[in-house]
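Since the structure comes first, as structure tokens, the remarks are kept for the end.
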Amino acid sequence: MAKIGVVGATGYAGAELVRLLSRHPQATLAVLTSQTYAGKAMGEVFPHLLGVVDHTLEELNVAELVDRCDVIFTALPHGHAMPMGQEVMRQGKRLIDLGADFRLKDVATYQHWYQTEHTASALVTKAVYGLPELYRKDIKNSVIVANPGCYPTSTILGLAPLLTNKLINLETIIVDAKSGVSGSGRGLSLKSHFTEITNNFQAYGVATHRHTPEIEQELSELAGVSVTVNFTPHLTPMIRGILCTSYAKMTSHMSSEQLTELYREFYQGEPFVRVLPVGIYPATKNVAGSNLCDLSVTVDPRTGRVIVLSAIDNLIKGAAGQAVQNLNLLLDIPENTGLDFAGMYP
Amino acid sequence: MAKIGVVGATGYAGAELVRLLSRHPQATLAVLTSQTYAGKAMGEVFPHLLGVVDHTLEELNVAELVDRCDVIFTALPHGHAMPMGQEVMRQGKRLIDLGADFRLKDVATYQHWYQTEHTASALVTKAVYGLPELYRKDIKNSVIVANPGCYPTSTILGLAPLLTNKLINLETIIVDAKSGVSGSGRGLSLKSHFTEITNNFQAYGVATHRHTPEIEQELSELAGVSVTVNFTPHLTPMIRGILCTSYAKMTSHMSSEQLTELYREFYQGEPFVRVLPVGIYPATKNVAGSNLCDLSVTVDPRTGRVIVLSAIDNLIKGAAGQAVQNLNLLLDIPENTGLDFAGMYP
Amino acid sequence: MAKIGVVGATGYAGAELVRLLSRHPQATLAVLTSQTYAGKAMGEVFPHLLGVVDHTLEELNVAELVDRCDVIFTALPHGHAMPMGQEVMRQGKRLIDLGADFRLKDVATYQHWYQTEHTASALVTKAVYGLPELYRKDIKNSVIVANPGCYPTSTILGLAPLLTNKLINLETIIVDAKSGVSGSGRGLSLKSHFTEITNNFQAYGVATHRHTPEIEQELSELAGVSVTVNFTPHLTPMIRGILCTSYAKMTSHMSSEQLTELYREFYQGEPFVRVLPVGIYPATKNVAGSNLCDLSVTVDPRTGRVIVLSAIDNLIKGAAGQAVQNLNLLLDIPENTGLDFAGMYP
Amino acid sequence: MAKIGVVGATGYAGAELVRLLSRHPQATLAVLTSQTYAGKAMGEVFPHLLGVVDHTLEELNVAELVDRCDVIFTALPHGHAMPMGQEVMRQGKRLIDLGADFRLKDVATYQHWYQTEHTASALVTKAVYGLPELYRKDIKNSVIVANPGCYPTSTILGLAPLLTNKLINLETIIVDAKSGVSGSGRGLSLKSHFTEITNNFQAYGVATHRHTPEIEQELSELAGVSVTVNFTPHLTPMIRGILCTSYAKMTSHMSSEQLTELYREFYQGEPFVRVLPVGIYPATKNVAGSNLCDLSVTVDPRTGRVIVLSAIDNLIKGAAGQAVQNLNLLLDIPENTGLDFAGMYP
């Protein structure tokens, strides 16, 4: 049994991680920390876990926490995982960071988009981008896993087969993304106030969202050349789920059926990617509560564009579930351990 | 492994049962039937189960179905489980009926409230009311389990300690219940049309709802004398969950703390009932996705009334989860087998 | 044209008042104040009013504000309208307070339930409880109108005919109330955080809500003797609307039809009360966006109880709309001036 | 007072039209028809109008209806307004069609996308596309107004200044649209079943939606050459509102500020278009309940693309409100008559 520490256990991603790990057959929750709720019982802060998780939340003591754990998950705002990364290296443990600190390989890009100094840049090259469908082998052997952002997970899984197979004009990629409100976290804001958000739909961070360079890094890696995209996130009045609608010009003539077949082959054997039949589109509700990513591809012969739809649960495949998937790779156990549940519907 | 048949697998309760049973370690799904979708794959009708449940939906053939199964679940409107009950008796199998056909011990009462002739009245006395917290032993030895209604489950668990301990005036019981829309099922109606129900709250079936005699039967059983109640259901713009607010006059002076302690003792050891501390009230979201029932009791010294709050997930503890709990009793395995998951939050 | 001041214009009740008054043919918005947003344009804080209301929000200066206005509305938390009341008296203007400071005739009761010292107790006897359906004449001649709370408006309109006609046992009144989240205001709290409240239903303030003494005061006034009630508010995942389900034992035999007819007569000619036919129940969506109160009465012959359902828009008939109705009475103009619009559906 | 007929008064657009016209100072409702509810009172079918609109719904008799009215609104599915158009011409009355029958100038295009024969093709050339911001003068003198679709209204208002000023590459236009569920109408379907849609987000009609040719016709008209676009509609779990996110490559270097200024000039004096400051984005809730269209433009210098956001209430500016705006033009009265209300917030 791997001893697990969850740092930031009372954000939504952290709490979801605790829920998933509480039923994981090869992991045991050793330490849960919370800045806001230290000293309280987890089940008091999140009553759905009352009687399920009996831990008391602790203050974060980096060195001691790493000592008590085999694998540490950090579910914190960017900028807070760097010291943890250094301590994990020092003690020879392993880190799965759900934040952004180790995702961008170029420290200058990180510092530009996040407006934060990177204090552990030496570790960036050691970190592996934790998207198992693309980097499975590297993750197994890694010490620091940079768990991908929710939008990038959905976008990259949707576009990877096109880029790998060089099927699109790289200057024409547009990603129009829609997220549920849980992506904004548990911190209080008018932007997640019930009466303001219910029956409301709006864009935010137009042309400036911090997931843009992460998406571009990975698409560039797949394409072999530098790729720039338009990425526009929107806030949807629902709790969980991301749907990304991505557009690009095809460079060759293919039908929706041919492209769907190509996607099927690309993702063959993947436990968490489902390529839907032509004409059936992903819906966030079909993956909510699961670690699945649903994909569909449609070619519009009138414009020569492909429209890719990809849906995930932002808190599971977009955060905590993918982190557990990465844990399973680190532990060298079946990748769906503790994740083999269907979503909850309706 | 018990071979299971689910009759009516494409209603919400049926689909939830399929989801729960697909992960049950001691049960295997043998037959799924659907009147509307026979011939289609389950994962086509409910895409959240695509790749999780591979069964094709079948037409219902009563004799053949019973032959192929050890335990049959019927998730059908009232009136349709009676022939199944007879066939199950004939072949010596077992039935868990999620409908109303075997809940009311008095056939005349059934016929009055449901306006339906009872064609298997001989079986009614053999059926056990499937509320494990009250009838655990009887359920274990039963052939037909009448799985309780969603409102009765929540109401009875909330009031049982008061009646058993003779703490309230039996002529003063009022149950004001609120349910999510999944309780109305998947059948199309303006009463579950998104635009009509969102941002809307309303009562229905005032003084006439069919769960009233079921509640009264069980409260009378607990009290030892005939009890009549006011039961008013309301439709709440949410998917899952029931909250019942029950009122009664206390016949003795007790504080909220004393009464809470009495509830704790009453439900000691129960895996699925949580009695909350004084001043903490149940919220449907805390139990959604779980088989739990959360309870709180408050005594108002100004009026001498007790206010009981009880919350369940109507599709799980109020239907499919409780049915699996009953299955576990029939199979004589731990009662929380396949049900030991926390709810999903947020 | 009456010159109007709105103190606290950026809470939900205040902003709704501004919206209604911006189209009122006999009133002109003279001053809008906001503690949080002083200096900003109203349309910047509430973009739905951009181009509709051009005012800049001001700091509150009590004496100067009263000087610039004929009628002042205070839409502030309790405790803040008392100095305004005194200044209004001094300058001979008029005040409509949407808060609780002048609602309770008994200062000790106010101080007990609100845990706040009353610093303008001499004015309490001069204030009129602003429920036009009961106190129309007194309001016309008043200087300070205590605009009723949202729950009391709905409850009292629902029960008034029963009490006036002495049809119920006064010791049996139970009010089970359900409110949309806008009633919690625009202040940030986990209790109105989208992800926590969506798909959630819960009670709050059980046996302790501050609207209880207000309801009891008015029911006692109608009954002619002191009345105590159980009042339980619940939070519903919707924006606007209150539905109250009230129960009481009838003291005489009447049918639902007879009682409905009695209600029709009681409210005959009222522009904002609709008594629905037997078997048709109020829904909050039918009154949302309007100043209407919908009522239905059902007698349950099995228990001898009456169930009264009453629905309002908490921000309109429960706050800003009723305040405008009171303004119209003060100005001695038709009571529906500026309020003669249907609700918005769906 | 213009005598008005509303054909199809019990769909959402029809009912909204009835609500708006019931308060219009220059129009009087003469006839309301409904296929489903003929014989019932309007207030019985739509209780929010109980006591507001007293009309009984009638069966449709085309000739008689035209005879009794000055202006007829048809709020019917496509294919049903053609006979009405012919009768209106015969009797010399005027028609505002909220459906698609007279929107497309090319009959073959209509027949291709709608798979319906056009039986009144001679009238198509006489009809004017009812977008007042572009065709105000033509509408005033028209007999048949083809009221635009909801998506086209939002899209065209968002892109018109770019096309008129030849600022974008016409081969790069992508429109990613999101709509509330009221756009799907009141007809029952799993696609608008509460439990299926709540907490769900999905695309539909990918590359095949019927509003595509309507958008292309109008953009081509503005550009002076034929324009083809990608248009992808999505269903959002909210009641009212459309947000369109449109993308195109700029052909010249302009900043967001310069482009915003150009939009301000383009729409100067328009009563229902608001161009928001740079960095402030439209939200559907800010226009819900109003006839407004909110716009913002952002230039992304990294990609050379412009991102246009446009928001409307699909039932008002996208249907009934725009129809009233067109009525006002026909009657030669101020364009905002009966439409000068703010939206309802929250």
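So that you can tell them apart, the chains are marked A, B, C and D in the order they are listed, and the count of residues begins at 1 in each.
The rule is short, and it goes like this: contacts are C-beta pairs under 8 Å (C-beta built on N, C-alpha and C of every residue); 3 or more make two chains touch, one makes a residue touch a chain.
These are the chains along with the protein names UniProt gives them: A, B, C, D = N-acetyl-gamma-glutamyl-phosphate reductase.
Since the structure is predicted, the reported quantities are computational estimates derived from the model, not experimental observations.
**Student:** Weigh A-C against C-D on C-beta contact pairs and write down the one with more.
**Tutor:** Pair with the higher count of C-beta contacts: C-D.
**Student:** In terms of residue-numbered contact pairs, which of A-C, B-C or A-D coincides with B-D for over half of them?
**Tutor:** Comparing residue numbers across A-C, B-C or A-D, the repeat of B-D turns out to be A-C.
**Student:** Could you state the distance in Å from the CA-based centre of chain B to that of chain C?
**Tutor:** That gives a centre separation of 38 Å.
**Student:** Rounded to a whole Å, what is the gap between the Cα centroids of chain C and chain D?
**Tutor:** 37
**Student:** Indicate the whole-number Å distance between the mean C-alpha point of chain A and the mean C-alpha point of chain C.
**Tutor:** Once rounded, the distance between the two centres reads 46 Å.
**Student:** Which chain A residues reach two or more other chains?
**Tutor:** Within chain A, residues 12, 182, 195, 198-199, 237-240, 283, 285, 288, 346 contact more than one other chain.
**Student:** Mind pulling up the chain B residues that touch chain A in the complex?
**Tutor:** Residues 12, 15, 19, 22-23, 46-53, 182, 198-199, 239-240, 274, 280, 283, 285-290, 294, 340-346 of chain B touch chain A in their complex.
**Student:** With touch defined as at the start, can you tell me which chain C residues reach chain A in the complex?
**Tutor:** Residues 12, 181-182, 186, 188-190, 192-195, 197-199, 237-239.
**Student:** Name, in rising order, each residue of chain D that touches chain A in their complex.
**Tutor:** Touching chain A: residues 172, 174, 176, 178, 180, 195-196, 198-204, 206-207, 228-230, 232, 234, 236-241, 243, 245, 247, 281-285, 288, 298, 300, 302-303, 305, 307, 309, 311, 346 of chain D.
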